[in-house]
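Here chain A shows up in two complexes: once beside chain B, once beside chain C.
Showing the complex of A and B:
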């Protein structure tokens, strides 16, 4: 049996306070969900292997970054060397989508143009009729990134979000 | 006339100015040649370079301050600009030169420090000096190193090679198998995050790295190169030469894996040679530790031999002084025991040796037998070595009376529930009882009888309860309650007793206790009362000896109760399950 080639990749999760970054990571890595909210302080690291095919796999080192108001040098250093990022927002709070624009720019400036995509999280909170897809689509288009509707609670497209990002490396 | 004069004048001018004109012509040619050469850069360099350095040196020596004042406004910004434009290239270019220079300077300082320490150690450790000098000569190590090595153990546990920018692990080696449970990728990332945070939070002007993190008796020594850093987990006191070795190791890794380090994209497999170098470093210190251990093991344990010799001597003296009396007593006891066995009336008399004397214990049935025993001892050669503690005990009648009294509650139709056999001070229980608890209790009662030393409990537990009938009864007849009540009545308790007894003897089975209420009252109240009803049954069974693991509780409020049957709604249903 041929050896499997493993490539380590650093992925950062960015987004406003309480949009569900840690829940997405917990769902993706540990297949669990916790209702209680725990604020992330600084950075929390997790790891998971994703098989691409029989011969190759990605060793994803996920940097779940706490939301900070100011884009300072500490955040800048955390983003250095990132191979990709997931920009997370809460579909029930439009302001969290608006906040992604400066984050997108900041990530782009400090990661040498690594790919990123948006995760429209907490999709389960809204009835499908209540989601304003048009507005979300318009704002995401302005970000110039792909968008995946996710729910860490119901495990809706969480795995797919990370796999989509991996396909962009 | 004038023409003639002109000619003569011209001739005279020619004669007079001939040399000057020739010189002017030559000068013009030379001037043209010089002009042409001045416009050629190569000629200028080749002409002036031999003297230009001398001229500059001369001028700098004459007025150093003036030169510095003149050049500094230009050179400073130029260097700064160049560094800003190509920082990485300049660092790459300067690292081998500056690194070596700095190392040389630091090495000199360390050497000076080591010399000072060596002098102090030499003075302080004169007692072991001769031994160390000899060992040092043999092993080729300086005596001071030897002393430090013996006194200060050191080992490397792990080495991480980490990409400086992304924090991704490039390679890792370990000296222990404990590292298998460690997530090395996360350790690498977290170390990098800590480095980044500390650098931004604490460094004021220039970028600085964390050099060391201490955790219990372990330390993480961090040594950074240009595009990567190593985190070395060590135990013990770091030898003076260690930092130098690590620096040289980083140089070698940089040299061998330069392109892989620069273009790292997460592929750990291309650092085989770096891993080899790191393993060699671990091996180097592990070998030195092993050598020390071997040396320690090969030392002759003179102290131990001395202590062991002393113990052997003491044992020998003790043996001589005690063995003879023991052998003598043992011989006498064998003789006495043979006499007692030959008599046949001393079945419950026991012979033992205690403090080199023969101890007779146990019982005889009457005073005549006791007198016969005294007579036998007094005529035996061992009479001076015998302690007689035999008692007279009319066992049977008293035991039977007490058993009848104690076992009064455990009779059926005036007969005991089990058979009792008496054998001296031993009682043997035989027969059948319905539960393990009853078996234990009967055994306990037998042990309380006066004069009984040993209870052989051979009772069989044969459950007389019909399992199928009990399960059918329990599952088909729910326990009903009055409105708002969760009290059990006497009949329900008796039924639960049977169930408890059955569950105790069927540990592989368990019961689901389901509580319900009728539909009167709010949902909240109904839920509470159904929970309490199920809880009461659970507690009752538990108090009868059923284990926690056999009892599961569910409650449903009024959700599953029929609207037209209020009484049957207030109930607890039991469902028996089997784990097999």
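Showing the complex of A and C:
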């Protein structure tokens, strides 16, 4: 059997507090979900291997970043060398989508144009007519990144989001 | 001797909550302190590559190289944690430094514990974000409240239009009429939210809930010594609502004696506190509500005609729930979401049979009744969707409007006891003589039906 080549990739999850970044990582890495909200401080690191084919796999080093309050050197160090980012927002809180624009700009400035995509999380709420789908679509377009609707709670397209980002490396 | 020194060193590192790992110039692990695994949550072995021990440095290969070659003095990443299945979080700061041993360039990684300092920060941040999340939820429900009643029916749409039109006209008095439980209070709040600035007072008084003798002082306020127990002056609700809205619920119950004083206020927006000689002026929007037929009250001399016309400048009739067709289901689903969230239950909707049951009910208690039915059902259900048996409808069984409308009283009149007897006999036939089942069909208790059957001679 031929050796499998492993390519390590650093992925950052960015987004406002309470949008479900940690929940997405938990779902993707550990297949669990917790209803209670636990805020993240600094960075929580997780890892998961994703097979590309029989000969290659990605070792994803996932940086689950706390809500960004300051665009400073600490944040620059966190983002340094990232191979990609997932910009997460909560479909039921439009302000969390608006907050992604400066985050996206900062990420691009500090990661030499690494790919990123948006995760419209808490999609389970969208199904309950609790959010304005049209407004979200318009604002996502303005963000100029590909958007995947996800739900860490129902495991909707979580795996697919990470795989989509991997396909962009 | 060397081992003894190393033992001391381990103790010192543990005490100082610091760990280290030393890598050679090929970034292969050479030495490490025993307490390292406590922070990085993985087993380490000599000869492990740097990237396995510290995956947080993946992506920073350029920086690591600069440190090893002493182009960079140090590199620090703060507040790191790794997910542990135990749920316990251990925070650390990672510092990488150049190090030379026997003439060889090496890389020293120092891990210092940050759990204690982060714990306090976490506690404060957790509370702060929880509050912000709650505020965001409240803001959303506020926006929903501003946007109006839930529903797609023509009646609800016309309420939306009504609110839009009257919102800019702040000076106009609004009279809300409708059966009990149709949402007059909510309508008043919606009008207030749509027409007033954020933070403007919304003051509510139920005219039927306060004794007649106290109502005047509650609304207009009083001066010290105005009556026996007036030991100090007190603002009335009109003054409290200055710059906002005063909502007078059950205005039909306003004592006749007080109606003229209130009318005088509506005309001039001026009033005097009890026992005061000084006239005061306030800027208040008055919204009044009643479930009474005020016109009839005027005819019966219970309500002043001039006050009725002064209040009735803008009138909104709120429809009873039974006239809202599919909106009943929208409302019910809204209450399900609300109570499921409040009671931490995973109830997500209504089964077909539950929808049928809700639509068939007459809802004499309107939205309030529906809300109570759903609240009870969400508390007690074990299902993920509410089913018909979960919905306990109080009072008579559902009767469709079309069936009731088909009953016509003939010119010659009818005998009510005979009609009652006819219905009892029909129910007994339908229930094939089973008294319990017949009682359920008629919405009566078993004892009541037995009594009526005995009275009619059907049961001995």
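We adopt the following convention: the second predicted complex is superposed on the first by the 165 of 169 C-alpha atoms of A that agree within 3 Å, B and C clash if a C-alpha of one lies under 4 Å from a C-alpha of the other, contacts with A are read in each partner's own complex, and residues count from 1 in each chain.
Here is the rule we use: a contact is a pair of C-beta atoms (placed from the backbone, for glycine too) under 8 Å apart; a residue touches a chain by one contact, two chains touch by 3 or more.
No experiment lies behind these values; they were computed from the predicted model shown.
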Partner chain(s) touched by A:6 [first = chain B, second = chain C, both, neither]: first
Touching partner for A:61 - first (chain B), second (chain C), both, neither: both
Chain B versus chain C as contact partner of A:146, first or second or both or neither: neither
Which of chain B and chain C A:18 touches, first, second, both or neither: second
Which superposed partner A:83 touches (first chain B, second chain C, both, neither): both
Touched chain A residues, chain B compared with chain C: C
First (chain B), second (chain C), both or neither touched by A:48: neither
Which of chain B and chain C A:72 touches, first, second, both or neither: first
Chain B versus chain C as contact partner of A:163, first or second or both or neither: neither
Footprint overlap on chain A, comparing chain B with chain C: 8-10, 42-43, 45-47, 59, 61, 63, 74, 77-78, 80-83
Footprint of chain A on chain C - complex, ascending: 51, 55-56, 58-63, 75-83, 85, 89, 91, 118, 121-122, 125-126, 129-130, 132-133, 136, 140, 337, 344, 348
Contact set on chain A toward chain C in their complex: 8-10, 17-18, 25-26, 29-30, 35, 37-39, 41-47, 59, 61, 63, 66-67, 74, 77-78, 80-83, 92-93, 95, 128, 130
Chain B to chain A touching residues, read off their complex: 163, 165-169, 183, 185-186, 189-190, 193, 196-197, 199-201, 265-269
Residues of chain A defined as touching chain B within the complex: 5-10, 42-43, 45-47, 59, 61, 63, 72-74, 77-78, 80-83
